Structure formats: structure tokens, C-alpha cells
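Please find the structures below.
One chain, chain A, appears in both complexes that follow, with chain B as partner in the first and chain C in the second.
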Partner chain A sequence: MRRSSMSKALVRRETISGYLFLLPSLIFFVGFVVYPMIMCVYTSFFDATMGKDRQDIFIGLQNYKDLFKDPAFLKALKNTLVIVIVSVPVTCAFSLWVSSAIYKMRGPIRSAFRCIFYLPVVTGSVAVTVVWKWMYNNYYGIFNYIGKGLGIIEKNINWLGDERFALGCIILILLTTSVGQPIVLYVSALGNVDNSLVEAAQVDGANDLQVFWKIKWPQIMPTTLYIMVITTINSFQCFALIQLLTSGGPNHSTDTIMYYIYYQAFKLYHYGYGNAMGVILAIIIAIFSAVQFKLAKADTSY
Partner chain B sequence: MNNLNHGVHHTTPYKVISVIILLVMAFLFLFPLYWIVTGSFKTMKEINSTTPAWWPSEWVLTNYEKLFSRRSAPLFSIPIPFTDEVVTGPTVPAAIRWLINTVWMAVASMVLTCITATMAGYSLAKKRFVGRGLVFTLIVCAMALPKQVILIPLIREMNALKLYDKMGAVIFPIVGWPFGVFLMKQFSEGIPGEMLEAARIDGASEAKTFLRIVVPLVKPGVGALAIFTFINSWNDYFMQLIMLSSTSNLTISLGIAQLQAELSTDYGLIMAGAALAAVPILTVFIIFQKYFTQGITMGAVKG
Partner chain C sequence: MATVTLKGIKKVYDNKVTAVHDFDLEIADKEFIVLVGPSGCGKSTTLRMVAGLEDISAGDLYIGDRRVNDVEPKDRDIAMVFQSYALYPHMTVYDNMAFALKLRKMPKDEIDRRVKEAAAILDITQYLDRKPKALSGGQRQRVAIGRAIVREPQVFLMDEPLSNLDAKLRNQMRAEIIKLRQRIDTTFIYVTHDQTEAMTLGDRIVIMKDGFIQQIGTPQEVFDEPTNMFVAGFIGTPQMNFFDGKVVKKGDGYELHTHGAVMELTKAAQEKLKAQNITEKDVTVGIRPEHVHLAEASKATLGAKVDVSEMMGSEIYLHVDADGKDVVLRIPSTELPSEWRAGIPYGTQIAFTFPPELLHLFDPETEKNILL
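Up next, the complex of A and B:
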């Protein structure tokens, strides 16, 4: 009732103050996020090669057509998909396992574990990458030392310089830097599972595995979905590892889309071409997220 | 609550095995850090040995000395507004300048993000106005997109704004990234409407209501956002890489990456740099861990 009699002046005051509070944030958001996003799509229809002081030339869909004929791009796309397809399920499974092992532990111990698994994220990609580079080193790296000591490998392997291993090595580092956040999320989600349901099932004689799949798993489904989406986005954007470890080599075996965008845009200054790849990348990520939503929705009663 | 159950649970073989695996995993996750720190104090001979030295036989500072003598930069350089003059500090090792730059960048991003996001989050959660739904939808959509996609247009924009190779080029996009607004909206939903109503009836101005009622109530959220932004901006390597270029403007991550590119085999020196980059941020993380965890979980709710 009061709403309808609310004076016009009040509505106006509410609107003005609402926008005033939004304004500082909107300036940055529109200026440095929304505008670049629009420009990304717009420039992708141009031949925008920088450095020659010339105007961008409108070329329609040519950048996109060229992309799908560019073997390096297709290779990068394939590598990126391999990274995503391996790292997303492994990250989810590993972090779920760790979380279910630690969420019932006493507070400080749980925090300690959670903290340890988060450390590689906080350490920063550069520091993490340089130490792994040393560990993978052909002569002084501990991987070769331990591998030979245990008799797994016969002679030194040039891990990052060998087409067969390089991508796998990068995925391994990526995994250590991507489980931190999912573990935090899963520990909190598992802590919120409705205990009365769990106890009721246990009274009915359900074993731990049944309790997990029938009761806990559906309840943590929204968290799983969120984790899948953020891990997918992160894996698609795998860049620092590539740039610092292999520069896409050997023989393009570790090129990812993100690295190739960087290479085209900031090494060759093909801005329009790079933007076209950015658009494709955004579309692929959107499709992946949508598919994950669909699958998750079909899998739960929510 | 969980403690009540402790007595009921029995130690099964599965549990013993899972704890052992957990400990092994924790060890493996800690190892790279251990290797950075110990490596930074090892002698050249131990580093370039095919048999790894698990513990430095003698602790030396040569790696740090080499790191500090390698390049130099002024301690600070502050441009005087409306002139071309720049006040520069005494010359110091470049690594020190890089650390100062990184701290400055992270603190500025953090403060600006917290202020703008708290205001915007409050507005989106508690104000009713035309266009509110549209703004919020735009924010959620932007969050789902890969951040790096906007980097190419951003660099042209920064060139046009004459911000290239300036800290602003790194700070502004971080402030613009809408995760903070989203997080603060979640926190602000919890503010009781009656309190705001009461303040209005008492004739409090909007600014006063915000500072006296809203800010104290969403403080935990601001804490979480602050630490989250600080750590993320410290580690946002890609953005720093394309926006900053001159020696005295680098961040510590960029500096280490450049050293690595120049002398890829002097692992002792590189580990010293990595330790210098990692130890401050790890300390911050460990001190504020609680808030950080809160921020992550709150951001995911209804995500």
C-alpha cells in the first residue's frame, strides 16, 4: 500500500542515489571491461595490423575464414581441448576426494590442508613455473634423478623439449595450480550437507559409498557445476605456463589458443586476427558452460 | 557439531590409507615452494649438480647478491603534474623497485575495488530503480567471459589514453572486473531493510546512511574482497606482461620472468627472484587466510 502512495519525489531520489552509488564502479566496468569487449567483436571484422600508422581495413568475416584454415590455430585449438578435457574431470575428482577426506577433520588441521593445497595458486604463476622448469630440466632436474633412481626411466628425458611429454608436463603443473579453489568450495559445500538425511540413510543401513552417491552428491551438485565452469574457463586460459616454459614448442605441441592469441597480437601485431580468436574462444567457453549446465541439470532434481 | 560424531566413527583401513595419501599429496604440493626457498640459498655447484642436494650443505647469499646487482632502477619516480619533470629517488637494485611497484599496484587495485564495489553492491542489493536488472545481468554475463579476451582491445585503449607502461593500465581493468560488485551485492542482501528505512525517517542523508549503517554491516565482505583482490592483482601476470615494459615499471613477477628469459640456466639466481616474489604474498595469504576462504565461498553462492 505504502509503495503505491510513495511520492514521485521519493522514487526519483531512490533512482538518483541508486545510480550515484553505482557510478564509480560503472565508469571502470564500462570503460575497461564492456567497451573492450565490444571492441573485441568489432575489431575482429577488420584487418588491424598495428605499427604502420594506417587505418583498419574492413574485411568482413575474412579473419574467421583464415582462422579455420590456419594449421597453427587448429593445433592450438586441439591442444587447448586436450588440456580442458583432461584437467576439468581430474581437478573435480581430486578436489572432491581431498575435500571429503578433510572436511570432517578438526578445524586447524582442515585449515592447514586447505591452505597447503591453495599455496600453488597464491605463489603466483611465475614463481611456480620457474621452479617446475628447474625440476623438469634435462640435466639438473629432480624428475630425471628420481625417475632413474626408481628405474622408471632408463636415460634422461628432456621433458619439456620432447613432443610426447611437453603437454602432459604442462597439464601436471596446471593441475597443482587449479585444485585450490575447488577444495575450498567443496569443503564448505560438504559441511552444509543436510545431516539428518545422512543419519536417516545410515539408520536404514546404507554404507558410506551409498550415502555419498545418493545423498551428498546430489546436494553438492550446484558446487560441482560451479567448479566445472571455473575450471573450464581457467584451463582455456592457460597462458603463463606456456609462455614461460615452452613458448608453444616443440613443434607447436604446446600451443594453446591463449598463447596463440598473444603470439599473433603482441608478437606479430595482428590485432584483428587475435580478436577473432578471442571471439571464438569466448563462444567455445560459452558452449562448454552451457553443456555442463545441461548435463548437471539432467543429473539432479534441482 | 562434527565433534559429536567423532566417537562413533571407527578407524577403518580406508581411512588410514586416505590419510597417508593425503599427507603424500600435501608434501608434493609443498615441495616446489621448499625447492624455491632452499634453492635460492644453494651454491652454484650444488644447483648444477646431477645429484640434487636435498638440503643446502652451506647456506650462501650469492644468489641474492647477484639478483640485486644485476639491474638497477630509481627507488621511486613521481611525475610532477602539468610539467614534464619527474622526481626520482636514489638508485637501488631493480628487484626492490619491482617489489615496491607490485605492492603499490596491488594496494591501489584493492582500495579502489573495495570502495567502488561496496557502493555498487549496496546499490544493486537495496535500491530499486529502472535499469537495475539490466546492469546486474551485464555484470553476470561479463563474469562468465574469459578475462583475457579483452586484453587486445585494452592495449589499444591504453595507448590512446596514454596509459601504456603506467600502473594505471594494470589497475583500472582490475577495478572494472565485476566480481567484486557481485560479491558485495551478495553481502549487502543481508542488510535489514528496516534499518535503512529508520535512517531515512530520521532524515539521515544517503552518504551518512551508507557510511554509518551499510559499511559496518558489510565489513566482513570488504575484508574478503580486499584480500582476494590483493592476491589476484599481485599474480595477474598476463595483464602486467602486455601493459608494462620499462625496467623501472615492472612488477616482481615480470622482472623474474625477464631474468628467466635472459639467463635461463642460472637457477640459483632465478630461485632467489622467485622467493622474493612468492614469500611476501604467501605471508599475506597465511595471515588473512580466513577472510580469503570466506570470499571464495561467498562468491560461489548462487554463482
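Up next, the complex of A and C:
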């Protein structure tokens, strides 16, 4: 009797101290994540302007209704989806290809490659963007120089200023900054595949390609899933590049939802309207991630 | 079903470690060969070279009449059971076993037939839909073997397949491998560091040490006629006892002096010594614990003091101290006086001897058996 009551007290003490240790991060989490999220959803039902003297007016779902009639939003949505649909598979495929080529190399060479691909990630988007801006430049950019030199293009192209190319150019930059982490992850995932499984498959009669797709690929599926999810989220949230390079132009051809939120909320002070977009973006990202989880789960359960 | 021939096979790893030296072995069709030796002696390396998982640094490897040095593992028609089982974790037991057959584009019903048949032999039919994670060690072991037998390969390779199992399961699986072997009747190369497994499974045993073959022979041969002290000590439990001794020519024959005892040698042994023109020579005497017996103290016995006696049921393991030398005796309990059945007290003075036809003589320097 005594023992059990003592252990109960112990359990309570442990629980309390557990929460105490959690407290600092809990406060932080609630204050800077949960509360803003709730506020975001809440204000999306108002004609909120962030103005000091103006009263926010409750307008129900009007913001959401307006959104789907706003051609600029629809265009931003389309652009964002294009970015995601192009960059997620390309990032996954490219980083898988690079990693499977380099993971068996000797330590220093492997590190050198990892370093090269990881560099854009740590360089910071402003620095990277400045370089790209120069490369894309209409007058002295290297792309025009090389393109003309090789005879691929006849006259200078204003890469970022041309509706036909601008989004593609943005996606290209996005790719260079987003393959770094997947490559690092894939290299270690491939290195961790139990070698005896590979050997067993070889003895069982599998050629290199079969070993890769039937043994290694399922083994690295959890990594692939993680990479897909983070790349999806990153692509959906593509903002800094747009802000620094095109500001959504020309003619909204590089608008993304993220940029359009910023534009509506902070340039035009349509705060409620922007938040409504934020809510929709969050829902879309959640759906995408859930679908990816479902698809990959079917393959990885063991 | 094929012969396997290893001619002067050598393996030098990248770090300049020579793991296998001049390995020569001809394996007959349907023979069960066991490679045995202490850890790091190159057993796995040899097996992996046969499988094609490791490059061969020098020498020639033939499976059947085909030289396969440069043939990829997938084209060698071998199956291998790995120590870690290496079951594909993302596939069910059925798919694990069917994998190799699917790769060979075998018709579905034929695959099904073979998998079901192997599963029945190994008693794993009820687990066919499970993933390996949901199986016990012994069941995984069976699946690994099943995956190999559905292939009906020319050569069956096994690298310490039982070492991850507990003692009881190991004995059981060992018996099953013997049964299996009679059913599937193909060439086996089996690696183990356990001499009991080697003795019970092998048609012939290859005993290795530091990358060199020490002896190749049937279990009987390596037990009765070990070529050197290493083999003599490695095969048999408890280990063979070794004493210092001396053979001395006496008239036309020889006698053996060891720890104060003077013993006769067999005619055959004396002939061998004579042929080597020995008049007097220091030797190491080897005698297995089960070949030592207690005797009345006499000219031909060694005296000793009992240290520990281990009652094993049908026999007693007696650890005694003979002249500072630790000696083990295995004595059937029925041969013991009744007051000693339950164990012999510490410090008891005893005398023991051994029959001349069962002792082994080794050269103390080269450690070679001088009676062969």
C-alpha cells in the first residue's frame, strides 16, 4: 500500500518536472507558432487592414470567395503548382542520381561533391540570387553570352523579363538551392543500406539496375519520403527568390502564393485577404504531404 | 550439382592484408565441404570468392568445367545463405523466396510450386505472408535457407548460418541441415568456426588458420590423424592434451619418456621413427581427454593431483595438475569407483596413462605430426 502510493507520488513528481523542463520551449511554441496560426485563421474572416484606427469588419467567407475570383491569385496558385510539380520530382531524381554516383567514392572525393552541392544551401539566398541575377542579365549575362556563342540564340534574351522564361529561370535557381540537402541525405541513406542485402540480391541473380530498384530503392524510401515532403514545402513557400529577382513580374508570370500573400498583406495592407491565402496554402501543403505519406507508406511498411 | 575447383586461390585485400594463401581444393559433385577455423582465418573470404562477391587476387576458380574468376555472382548459379540471413525486409517471406525465380522470369505457377514445396520442407508455410521482421531468429534462418533451395543451384554456400541461434535451436537446425542435405543433394560449401558443426555435417573438412589450409580430410581423418598440433587442438572437445616428452632409441625399438613415465610405442610408430633416423628427440605428446584412463601407479603412469571434477552425467571431466601441467581427462562414470561417482575431491592424488595406439607425437618446433 505504502509502496504504491509512494510510486504514485514519484510518478507525479516526474510528470511535473517533465513539464517544467518543457516549459521554455512550450511558451515559445505557443507564443510564436500556435497563437499566430490561430490569429491567421481568425483574421481571415475579417476585412482586416492592420490599420490603427480602422475597425476590422467581420465578413465571414467573403475573403475566400473573392480569392477564387481574383485572377492574380489563380495565376499565383498555378505558378506555385507548376514550381512544385516540376521541382519536387526533378530534385528527387537529380539528387538520387548524383548521390548514387558519388556515395561509393572515396571519402575525400565524396565530401568534395557533397560540399559543392551543399554550398548554395549555406551561402544564403541573397548572395546566390545576386550571382544568378548577373548570369541572367539581359546585356552582360553569361547565359546570353554562351547562348550566342554556341549559336543557340540569335539575340539577347531578357530571361527574367520575358513571360515565357521567367518562371523557368526561377525554378532553375530553386533547384540549385534545394538539391544540397537531399544529396547529403541520400548519400548517407545509400551508404546505410545493408550491404549483405545487396550481395544477397546479386547472388540471387539481380543485375545492378535490379539491385538498385528492387533492393536499395525500397530501403531508402523513408528518406525519399522525407525529401519529397521538405522539397514540396520549400517549393510551395518559394518567396525570397521572387522578391529579389522579379517581384512577381512580368505580368504576374512569376507570382507565387507566398509572394502574393506578402504583396497583398504588406504592400496593400489587405491583411485579412492575405491570411485567407495563407490558410489555403497551409491546407494545400497538408494535403500534398498527406498524399505523399500515403503513397510512400504503402511501399515502406516493414 | 557441380564440382568446384580452387587452384592456388589467393586473396589480398586493398589494405595489403593477405587473407587467403594458395588455397587448393577439389570439391566433388554433391560433396558437403566444411571450412572451419578460428575467427579471421579467411573462411568467409574464401566462400565469398566462390560466390563472386570478392575478387580473386590470384589462382583459378572452376565451377564444373567453367572458369568463373571473372563471372559475375548472378551468372555463377550459386545460392548463398548469409550469417545475418540478409532477408529483404520490404518483401514477404513468399517474395523473398520467389525473388530469384522472378528475376529469371520463371513462369508464375512454377515459382509458386517451388516456393510452396520449399516452405513445406522447412515448415514455414504458415509464415509465407509475413515480413521477415515478424519472424523469430529460427524462422528467419529457415526462410534464408528456403530462399536458397528454391533456386536449385549448382552450389550451395553457407556462411555460419547457425551462429545467430541459441544453443538448442542450433542443434535442431544442424540436424535439419543434415536432413535437408539428403533431400536436395547438391554441392555444399559450409563455413563455421564450430568444430562440432564441422564434424557432424562435413563429408570433408578443411581446417584453416591465418589464411593457410592446415588439413583437408574426412571428420575421421582429421580426428584420428591430425597433421599438426593446431588441427589436433582445434578438433575435439575438450581439447587434446599436450605434454613435453622425449623418444629414445632403445635396442631395435623406441620408448617414450614423458613426465617421469616410460611408455612403449606401437610397432608402426617405431617404424616411422626409425625411417626418420631418430636416435633421441624431444617431442610433444598429444592425447585426447577421452583416451586417458586412470590406472594403478606404475612405471608407465603419470601422477597428478585433482583440481576440478565436472560431473557431466554419463561421464566426468577431470581437470588435474600433472607436474604443473593442466591435463583434462574424460572418464565414463561407470569406470569410476563408487565413492568417486559424485565427484572427486580436490587434491586427490591419482595416476593415469594412455594406450600407445591413441597417442600422437609432434615435433615441438614445426608442430608437425611426426607419426604420419
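Here, the second predicted complex is superposed on the first by the 290 of 302 C-alpha atoms of A that agree within 3 Å, B and C clash if a C-alpha of one lies under 4 Å from a C-alpha of the other, contacts with A are read in each partner's own complex, and residues count from 1 in each chain.
Convention: a residue touches a chain if its C-beta (ideal position, glycine included) is under 8 Å from a C-beta of that chain, and two chains touch if they have at least 3 such contacts.
The shown structure was predicted, so the numbers you read here are calculated from the model rather than taken from an experiment.
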| item | value |
| --- | --- |
| Fit-or-clash call for chain B and chain C when the two complexes are aligned on chain A | fit |
| First (chain B), second (chain C), both or neither touched by A:215 | second |
| Touched partner set for A:49, first chain B, second chain C, both or neither | neither |
| Partner chain(s) touched by A:138 [first = chain B, second = chain C, both, neither] | neither |
| First (chain B), second (chain C), both or neither touched by A:194 | second |
| Comparison of chain B and chain C by chain A residues contacted | B |
| Touching partner for A:203 - first (chain B), second (chain C), both, neither | second |
| First, second, both or neither for A:22, with chain B first and chain C second | first |
| Minimum C-alpha separation between chain B and chain C after superposing on chain A, in Å | 5 |
| In the complex with chain B, residue positions of chain A that touch it | 14-15, 17-22, 24-26, 28-37, 39-40, 43, 50, 98, 101-102, 104, 106, 111, 113-128, 130-135, 137, 139-140, 142, 145, 176, 181, 184-185, 188, 195, 223, 226, 229, 233, 236-237, 239-240, 243-244, 258, 261-262, 265-266, 271, 274-275, 278-279, 281-282, 285-286, 289 |
| Chain A-touching residues of chain C, taken from the complex the two chains share | 51-53, 72-74, 78-80, 82, 84, 86-90, 99-100, 103-104, 131-133, 147, 151 |
| Interfacial residue positions of chain B with respect to chain A in the complex | 1-3, 5, 9, 18-19, 22, 25-26, 29-30, 32-33, 35-36, 39, 47-52, 112, 115-117, 119-120, 122-124, 127-132, 135, 138-139, 142, 144-157, 172-173, 175-178, 181, 206, 210, 231, 234-235, 237-238, 241-242, 253-254, 256-257, 260, 264, 267, 270-271, 273-275, 277-278, 281-282, 285-286, 289, 293, 296-297, 300, 303 |
| Chain C-facing residues of chain A, complex | 194, 196-197, 199-207, 210, 214-215, 218-219, 221, 299-302 |
